[in-house]
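What follows is a structure written as structure tokens; I'll ask about it next.
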Amino acid sequence: MEASEIQSLIAKSREALTFAYCPYSKFKVGAALLTKEGKVFTGCNVENVSYPLCICAERTAIVKAVSEGYREFKAMAIATELPDTFASPCGACRQVLLEFGSNYDIFLTKPDMTYVKMTPAELLPLGFTPNLLLEPPNQDSS
Amino acid sequence: MEASEIQSLIAKSREALTFAYCPYSKFKVGAALLTKEGKVFTGCNVENVSYPLCICAERTAIVKAVSEGYREFKAMAIATELPDTFASPCGACRQVLLEFGSNYDIFLTKPDMTYVKMTPAELLPLGFTPNLLLEPPNQDSS
Amino acid sequence: MEASEIQSLIAKSREALTFAYCPYSKFKVGAALLTKEGKVFTGCNVENVSYPLCICAERTAIVKAVSEGYREFKAMAIATELPDTFASPCGACRQVLLEFGSNYDIFLTKPDMTYVKMTPAELLPLGFTPNLLLEPPNQDSS
Amino acid sequence: MEASEIQSLIAKSREALTFAYCPYSKFKVGAALLTKEGKVFTGCNVENVSYPLCICAERTAIVKAVSEGYREFKAMAIATELPDTFASPCGACRQVLLEFGSNYDIFLTKPDMTYVKMTPAELLPLGFTPNLLLEPPNQDSS
């Protein structure tokens, strides 16, 4: 991706953050997901009084895309308001990112628009991958 | 709501179902959420090889709406392909529905477009409600 | 169940609450689950910095029992420190309670040991039940 | 840890797997968690008709320990029946493992008792750690 394209995606993740519904944590997170076709889906965290039912910004963006028919992704940018920490996806979101591919760009960003670039495979080393359950176990043996 | 408006919402939930990503359960679910402003957000289930990371159609619709700035809802229709069962939200989705209001219409539908109408409060009797954690416990005592 | 047996189960749910790991919500919850065989499993909430990965007291008690080979339940008591509110399970926990039976006693308690008694079926009206996915849909039609 | 101690923990994770409640995936997983004090807590997966409410073996073991007052861990072994794949925790479980420490042994095992050893920090590179929300953001700046 070109630098301007990356900065645009990060900017969209920062705008998305403003929609966060987070009365419990007060911790706003935004995400912007770029599909293979060039469409962008944004997400924010949506919390719940029962904490286990909170949903993260990254997964919000993913399910939005999938529910509109998009399943192939080129990149995601993730944003928080923490000034000195690159916004890092939680383990649950990493697993959902991996479901749709092991090798696309995930930008962990700071408010100053700097970033660290990772892939789903790097975020989840030795990851539990989709094919494990879809292939019958007994086909694994040689 | 008028009958035609309800039928239109149910139709949208049935269309949404076609986008379901459900390679594990093969069980397609769709939802259509009508906001106070008259906008409709659709959702489908988005599964994961790690089952706890699956997300339901109802919650997909809710987080889509919230991530676009909509938090007040008028109605939701839920659809599956089960011919003889009204599509019923799971407990997790009921809790998320309740977060945004106790008294709006939830249509549990069948493929023949018939439905049962419930409210979030009816779906979760004596529900664990948002204000429980937002209000300090010691203000409860008289 | 006899009154003394109920009070004993409630007392155990209150003791269980003291083990809660809840640095984020500061909201302690306890549960005590009585199996058909007369064994009691206790649970507390176990939170996580990523809120969606928090686990409730009720589900902690259930998975403990199942992991020791117990799947048939007679009753559960749920406790919090809220003085004036009967401790009510969230929707996610209601769904997990329903997985193991629709008709056993769930005691929603207050610190003064008073309670409201419900069943999983009452807590989740028109609930999404285990047999829906285990039976092939096309066997539903008559 | 000594080899015999590791083999014993793996053996316990394999026994735990037999209790799995997994009518939906038919995929049995077991876990055995060793606390700092030398106590072992076992876990299995406990599934639900609503897939998002499934709970993994690893988290079952963790919440059991915490609910009995144990929060410091020395090692966990994870087992499945896949003959040729080291049992790998999903992202959600990795996040829960990390909540209780970044540097203890996680044994990803095969039925033949061979294993790969990882730490929570290695399983979740650049992980979203507990102190992020517990420390006020504005204390991060130098």
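Letters A, B, C and D mark the chains as written, and numbering starts fresh at 1 in each.
The working rule: a contact is a pair of C-beta atoms (placed from the backbone, for glycine too) under 8 Å apart; a residue touches a chain by one contact, two chains touch by 3 or more.
These figures come from a predicted structure and were not determined experimentally.
Colleague: Quick check on chain B against chain C: do more than half of the interface residue numbers occur in both copies, making it same, or fewer, making it different?
Modeller: Same; most numbers are used by both chain B and chain C.
Colleague: Using Cα averages as centroids, what's the distance between chain B and chain C in whole Å?
Modeller: 23
Colleague: Averaged over CA atoms, how far is the centre of chain B from the centre of chain D? Could you give it in whole Å?
Modeller: 32
Colleague: Return the residues of chain C touching two or more other chains; collapse runs of consecutive numbers into ranges.
Modeller: Only 24-25, 49-50, 53, 55, 90-92, 95-96, 128, 132-133 qualify.
Colleague: What topology does the chain contact graph adopt: line, ring, star, complete, or other?
Modeller: If you draw each chain as a dot and join those that touch, every dot ends up joined to every other.
Colleague: Please name which positions on chain D make contact with chain A in the complex.
Modeller: 25, 27, 81-86, 88-96, 98, 108, 116, 118, 122-128, 132-133, 137, 140-142
Colleague: Hey, which residues of chain B end up touching chain A in the complex?
Modeller: The contact residues of chain B facing chain A are 16, 19, 21, 23-24, 42-44, 46, 48-50, 53, 55, 57, 59-64, 66-69, 71, 92, 95-96, 99, 128-130, 132-134.
Colleague: If you look only at chain B, which of its residues touch chain D in the complex?
Modeller: Residues of chain B touching chain D: 24-25, 47, 49-56, 90-92.
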